[in-house]
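Following: one structure in structure tokens, then a few remarks.
Going in written order, the chains are labelled A, B, C, D, E and F, and every chain counts its residues from 1.
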Amino acid sequence: MEKDFSHFDSQGNAIMIDISQKETTSRTAIAKGIISMNADAMNAVLGGTVKKGDVLGVARIAGIMAAKKCASLIPLCHPLNFDKCTIDFKFKKDDSSIEKNEIEAACEIKLTGKTGAEMEALTGVSIALLTIYDMCKALDKTMVIGNIRLYEKSGGKNGLYKQETRINAD
Amino acid sequence: MEKDFSHFDSQGNAIMIDISQKETTSRTAIAKGIISMNADAMNAVLGGTVKKGDVLGVARIAGIMAAKKCASLIPLCHPLNFDKCTIDFKFKKDDSSIEKNEIEAACEIKLTGKTGAEMEALTGVSIALLTIYDMCKALDKTMVIGNIRLYEKSGGKNGLYKQETRINAD
Amino acid sequence: MEKDFSHFDSQGNAIMIDISQKETTSRTAIAKGIISMNADAMNAVLGGTVKKGDVLGVARIAGIMAAKKCASLIPLCHPLNFDKCTIDFKFKKDDSSIEKNEIEAACEIKLTGKTGAEMEALTGVSIALLTIYDMCKALDKTMVIGNIRLYEKSGGKNGLYKQETRINAD
Amino acid sequence: MEKDFSHFDSQGNAIMIDISQKETTSRTAIAKGIISMNADAMNAVLGGTVKKGDVLGVARIAGIMAAKKCASLIPLCHPLNFDKCTIDFKFKKDDSSIEKNEIEAACEIKLTGKTGAEMEALTGVSIALLTIYDMCKALDKTMVIGNIRLYEKSGGKNGLYKQETRINAD
Amino acid sequence: MEKDFSHFDSQGNAIMIDISQKETTSRTAIAKGIISMNADAMNAVLGGTVKKGDVLGVARIAGIMAAKKCASLIPLCHPLNFDKCTIDFKFKKDDSSIEKNEIEAACEIKLTGKTGAEMEALTGVSIALLTIYDMCKALDKTMVIGNIRLYEKSGGKNGLYKQETRINAD
Amino acid sequence: MEKDFSHFDSQGNAIMIDISQKETTSRTAIAKGIISMNADAMNAVLGGTVKKGDVLGVARIAGIMAAKKCASLIPLCHPLNFDKCTIDFKFKKDDSSIEKNEIEAACEIKLTGKTGAEMEALTGVSIALLTIYDMCKALDKTMVIGNIRLYEKSGGKNGLYKQETRINAD
């Protein structure tokens, strides 16, 4: 049996679904994603001090601002206010291989509302990574952004979701 | 010798770089990316008719509209008008494996200006894929977006760039 | 005796009126409007399949996204989040007369808040119809958009309002 | 033979059409539209002085600002800068009939570019009229916006277009 | 002992701070600011009738609309809806001195929420004054905007704050 | 004789003025402004390293992004693309006096177009200073933003303008 979408009505028309009967609860979502780059670009990012230029500082601001714009970017997302937004970065550096230089971005959103914030968190991660891309593209034309996914979600009727295993997006 | 960023001045301050002396030329950029999903979600997307709900039609509009917003999302991007924007989708379906169900999005931008449109194309691809994610997330919580990259670029002083091989992001 | 506006203070200055003392209730609004077009354009819209191009699918998304932007378009509207937004279309086709080919758009908004959503619904209808106009204007330069009006409203201290008779906006 | 849309490719996918080969010329567009209201609302608008509250002044600003946002509202519109934007109002007042009280808004856009500005002008008119609606809705719940249409267009390969006769939208 | 910022975490990363545990209360904020101009510009503004052009009417609308956009302008501001927004102007005119011609703008915001609205009020004042600047700049190139400050704030755990004395900025 | 505004027509209606006949030239604008704060806040800002939190880095990004949004904030500004945008900060620190701790922001815009970029530069400065305010307001409630002014302008028919003397705004 084919499963149906919740974002379309019975005639197949796209809709912003009705959440008026859903409970207002405290909800959180964490999304993650990765950008891989060559050693030149990675070294430049890691040297990011006030002196050298703080790539990740710029990307963090871009990600937070984009999370706030989620409902104007994703057509059927509900407009919603949130209580907290952070973006953190981790590194996996290995000069022996171009593909092993990675920056991981994580965006966490907390809100009190009727629907979750996973799209906001995913939007924050995506734009943060694109901002890193923009600032590094003169040093590496072959960067790739990937593994953008929901990492954790809590609140609402489904309770806690935690990503069990990492799935490759190739 | 450590290479430097073009998006920071000599004191490390982030800047929108000066393109006033660059030549106005015809430029194109194509970016691509992938979302992988389970068979349930894929079947629902592929059944996307007016009756069932046209996921890709919604995602295409979201991607085109987001490409137009690129300069308001990526902090140091120059505001620019463009002449053409398209988003196309391809499928790789294999019911035997959850990871083999993939939708590839490609965004092509054409413009006449002093700087390229690769960030616009990458933004278009990213938001198109996030929109697919949003519409399918009730059917599959483990979707992953990846392999977002520049595929082709032409115009400007660097001429044609074509991605030689596909690099995995993961 | 001349009646006064609520959107101006006693000196005649435009204000966003104070709703802090109003009750938070469940509210709905439905707005409607019409675009009339020639038979060529109408046939092209009605043939709107994935193959031919889904004009109404694009217009629906544009309308929903515009409803979310209402407070940034209408100067004195309060910013508000809503719980549901849908846009539906109906047709009145008569090949014998250029004026009888009509598409009616209806936008329904549901929210929990201190003020109604009629401006959001009217904005959704208006932009949905303008999007149809944009996509059909190569086929008909004489299209007209009209009869944009509040159709139904409920919630708040005034209770249910239902448009009794259809008033012509000529 | 069924005519086709220019905003869809041969597979029926919505596209922002390629204008890169079009000539950059001086272009103008004038759009018009009407709001009809009862005598109470009309009298209040006509009494619009600094003392009473200048409904049309607010609507004019809203319309000009909305014209600038056209490309972010109408999905397949090209982003474009323009050289001039004005919004003017005319009145047709007749206290004997509720339907005869009308305000007509006209928006004129002038630009130097590869594509016309009719959608910008139509957007300016629509939002100006919706702003009047918003400010008058406490005085009249039965207002109707209509007759939104292209009135004149010049520039580009099609030269001058002038609306011959007024077509009723209703 | 050096005091720390609340908008950065312990590693110095910019964050949108967590307000999920804060109480939802009624809050108000009033911000003020001044633009000084020469006598020519001041006379033109003061002559602002419907006939001459209502500079302050335009500035008021710009300020209210900007207050609504605060969270998209100030990176770490929480998105929030508000219940009331007004902008008022006062004059201090003295033809004997170019520096004594001043217009003071005051923006008052009222909201029900977990965080205050002082940034919204300050943004409203700033953009209202910049709009006056824009409209008067052909008459006076030496205008200066200043004394932008929080004037009063109430609600939340800190209770009432009232600016004791006027502090000069410059 | 009273001088008139260029932003109103002969009936006093606000207009976006017609620049279609103006020459496309290279233009620059530099605007400046100041925020004054107490010693606690100043010390915290000056200690702004990646460890402590880079207030000025965040403010710089906010200012550049706001400059790009100028035409959507200032009602009668023409939409325009620009070629360069930078924001720089200087300090005047004096622990002996609360009023002597100042940060000066300067925003420089370069563009090729028919109209100047002074409003863009002034908007960039204003929002950069408001962002500093936002991040420091927990340390000092009495901060004041002032002396926002055009500092230098070149290009167009008026040629170079340089602010002769510093005028106090207060």
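Everything below uses one rule, namely that a residue touches a chain if its C-beta (ideal position, glycine included) is under 8 Å from a C-beta of that chain, and two chains touch if they have at least 3 such contacts.
Being a predicted model, the structure only gives us computed values, none of them experimental.
For the copy pair subunit D and subunit F, the superposing rotation over Cα atoms measures out at 120 degrees to the nearest 5. Ranked by how far their CA centres sit from the centre of subunit D, the chains are topped by A.
In whole angstrom, the spacing between the mean C-alpha positions of subunit B and subunit C is 32. With centres taken as mean Cα positions, subunit E sits 38 Å from subunit B. Residues of subunit F in contact with two or more other chains: 13-14, 49-50, 54, 57-58, 61-62, 65, 69, 75-76, 81. Interface note: chains touch in the pairs A-B, A-C, A-E, A-F, B-C, B-D, B-F, C-D, C-E, D-E, D-F, E-F. Remark: subunit C residues 2-8, 11-14, 33-36, 40, 43-44, 47, 49-55, 58, 61-62, 65-66, 69, 73-77, 99, 118-119, 122-123, 126-127, 130-131, 133-139, 141-150, 161, 163, 167-170 touch subunit D in the complex.
Across the complex, subunit A meets subunit F through its residues 48-50, 54, 57-58, 61-62, 65. On the subunit B side of its complex with subunit D, the touching residues are 26, 57, 60-61, 64-65, 68-69, 81-88, 110-112. Within the complex formed with subunit F, the subunit B residues making contact are 9, 13-20, 71-72, 75-76, 78-81, 114.
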